[in-house]
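These notes are about the structure you will find just below.
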Amino acid sequence: MSARTDDRAAVFHRAQEYIGSRVSDSLTSIDPALILRTLELLTRAPSIFVYGAGRSGIIGRAFAMRLVQAGLRAYVIGESVTPIVQRGDAVIILSRSGESYSSMQTANIVRREGSELVVITTRPTSKLAHAASVLISIDLPEDGERSRLAPLGTLFESASLRLTDALIAALLVARGENEESMRARHAIMV
Amino acid sequence: MSARTDDRAAVFHRAQEYIGSRVSDSLTSIDPALILRTLELLTRAPSIFVYGAGRSGIIGRAFAMRLVQAGLRAYVIGESVTPIVQRGDAVIILSRSGESYSSMQTANIVRREGSELVVITTRPTSKLAHAASVLISIDLPEDGERSRLAPLGTLFESASLRLTDALIAALLVARGENEESMRARHAIMV
Amino acid sequence: MSARTDDRAAVFHRAQEYIGSRVSDSLTSIDPALILRTLELLTRAPSIFVYGAGRSGIIGRAFAMRLVQAGLRAYVIGESVTPIVQRGDAVIILSRSGESYSSMQTANIVRREGSELVVITTRPTSKLAHAASVLISIDLPEDGERSRLAPLGTLFESASLRLTDALIAALLVARGENEESMRARHAIMV
Amino acid sequence: MSARTDDRAAVFHRAQEYIGSRVSDSLTSIDPALILRTLELLTRAPSIFVYGAGRSGIIGRAFAMRLVQAGLRAYVIGESVTPIVQRGDAVIILSRSGESYSSMQTANIVRREGSELVVITTRPTSKLAHAASVLISIDLPEDGERSRLAPLGTLFESASLRLTDALIAALLVARGENEESMRARHAIMV
């Protein structure tokens, strides 16, 4: 095995560990009170809307799918069948920078309608963060390896998937649901 | 704070840790030789196709987006602009059970065309696994907490995201790319 | 202008007229009683589901979007937030051939659940057609120009768009809706 | 049959005819020279990008799918695998009003990159129209029945589908393609 070959396999395993541990660090410090407030908004909202641009939106879609399987009504903003947001609904925006135009425009509409806004971001001082009813800040300080092992939004997206999957586990307890009841709501996949 | 409230926050943090450590365990044991073979297929294929049903397909889409940013040509099977698979192309199928009809049908077409097939699955003995040119088996043994903390395919999907993100890090080395060159390929997001 | 150039512009205008007139012919003969039965199913269903493979599915998505704007709950089968079909729901399948595996599988699930099935197809004798509660057959006899001016499913897809748009106009009357009330339900598009 | 019931069936057939004839009127007057210029841009572009917001984007997706089957490389702006637009590429924007923020932003990026822009719109005096390399204006004057029989963008979307399908017919001539060669490029649909 050449040195070069070796490098690549080593980078794979180093990146895998790096992503796992950086995400663990960022999630461990999340205040349980914020999780409880988020769960309250999610369980009492008639409809839940998820938004994210690019890859954050892809993670948002994975979350929305689980919300539906958990028995809630959920939509992804930007998809064809998504209705309008109404007073009392909950909207979750995933945005690493807290600065994308489309996220800010979504937040403005949400607040104007009197809906609740949960923002998940790495920038607690961004304009988007200021618009939030519940702000979940994911702390991912820069270091020398990040750009090489987890380029662009990789850490934020990975943290968002694990965070929203853990929210689903807590939501099952809150709603008296379990894997069997979720499986029964698994949609037709053809 | 009531006992009930307490439970929910505890479940969140327990689930977050559980997912992280189970995924770490499953990825640590992956044979570096399989990663190298996958990288070889990806870098020499004229086009790369990704397929997964349901939430696995969502993770596949996140991977395809990064492949494009890394300078490769990638498509998601099932999307409107996806061309036909041709000899020499590489196809990656994400399937926890290795048994979904649509995954098997995709695999059959791929093999008939003479393309290379990478299968990522938890079932190395499934029919889909047997059709693979490269089989990446993700070992996620059942335990007493799994259904409560990570229902349905949560662990597989989470492992798939981390695995494919780590493949991207290795791919950057293999292709002499970095975060800046990826950012320059970041598509219009309106 | 060269002869070749001339040809292309002439083919454009010939195709445009051909598609328009073939679609008109196919829709004029549709029995009003079938339209009324379809409207009844759509207006009384708690949820409406639309399915089509490939380009038929794209037209189905355009229809589902209008159904939501008309105040109904509608989903596209295969999208991430689509819940399961339940008794009393209405399902509309668009399938030119009436023979695609995924359409048949969808129809089987729909009938097993006791939901109502509207099939729009060019093949009234197909297995899919036989599974329908309401069968809307689009008659598009083959002629010598079809493959050149409207290749593959072009005529069926064009007829399906016009048919479903006309259903929306009739639905507005049935539900006492109008353009203004629809505009007020126009979702966030960011 | 009650008067009310009768109304609804009559509205269906009236809407179906109305949409067909209004679309025919709007397309008949399109200058063949614009079609030829569009075909030239499409056939010589390394990649073609299609964009539209909402339902216009759905029609754009149907067009992109046919472009791929006709042997061209085509992408939908906003989808996960869409690469960046480069000099020499062709971009087609479908926008009824010519005023949506996302369409204007897309046009600005396209012009900055030195790519060619085809705009299909009902507003030849809009800012978007002014940014076009080729402007295809669809003339749909308002009348007393439009809002009732073809609410919101129905006529524009219907005209866009027929126009782009007719472009495909002309493109087949220009490229020496036919239905059989298109069918052979029909992607895996599982």
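Labels for the chains are A, B, C and D, by order of writing; each one numbers its residues from 1.
FYI, a residue touches a chain if its C-beta (ideal position, glycine included) is under 8 Å from a C-beta of that chain, and two chains touch if they have at least 3 such contacts.
Model, not experiment: these values are computed from the prediction.
Since chain C and chain D are copies that touch, just let me know if over half of their interface numbering is common to both, same, or not, different.
same
Fitting the CA atoms of chain A to chain B, what rotation angle results, rounded to the nearest 5 degrees?
180
What whole-Å value do you get for the distance between chain C and chain D if each is reduced to the mean of its CA atoms?
Spacing between the chain centres: roughly 19 Å.
Round to the nearest whole Å and give the separation of the Cα centres of chain A and chain D.
Each chain reduced to its C-alpha mean, chain A and chain D end up 34 Å apart.
Listing for chain C: what residues touch at least two other chains?
55, 58, 61-62, 65, 80, 101-102, 105, 186, 189-190, in rising order.
Considering only the defined contacts, which chain D positions touch chain C in the complex?
For chain D paired with chain C, touching residues are 5, 7-17, 19-20, 23-24, 27-28, 30, 32-33, 35-36, 39, 53-55, 58-59, 61-62, 65-66, 69, 100, 102, 147-152, 154, 157-158, 161-163, 165-170, 172-174, 178-179, 182-183, 186, 189-190.
Which bits of chain C are touching chain A when the two form their complex?
51, 61-62, 64-65, 67-68, 74-85, 101-103, 105-106, 109, 184-190
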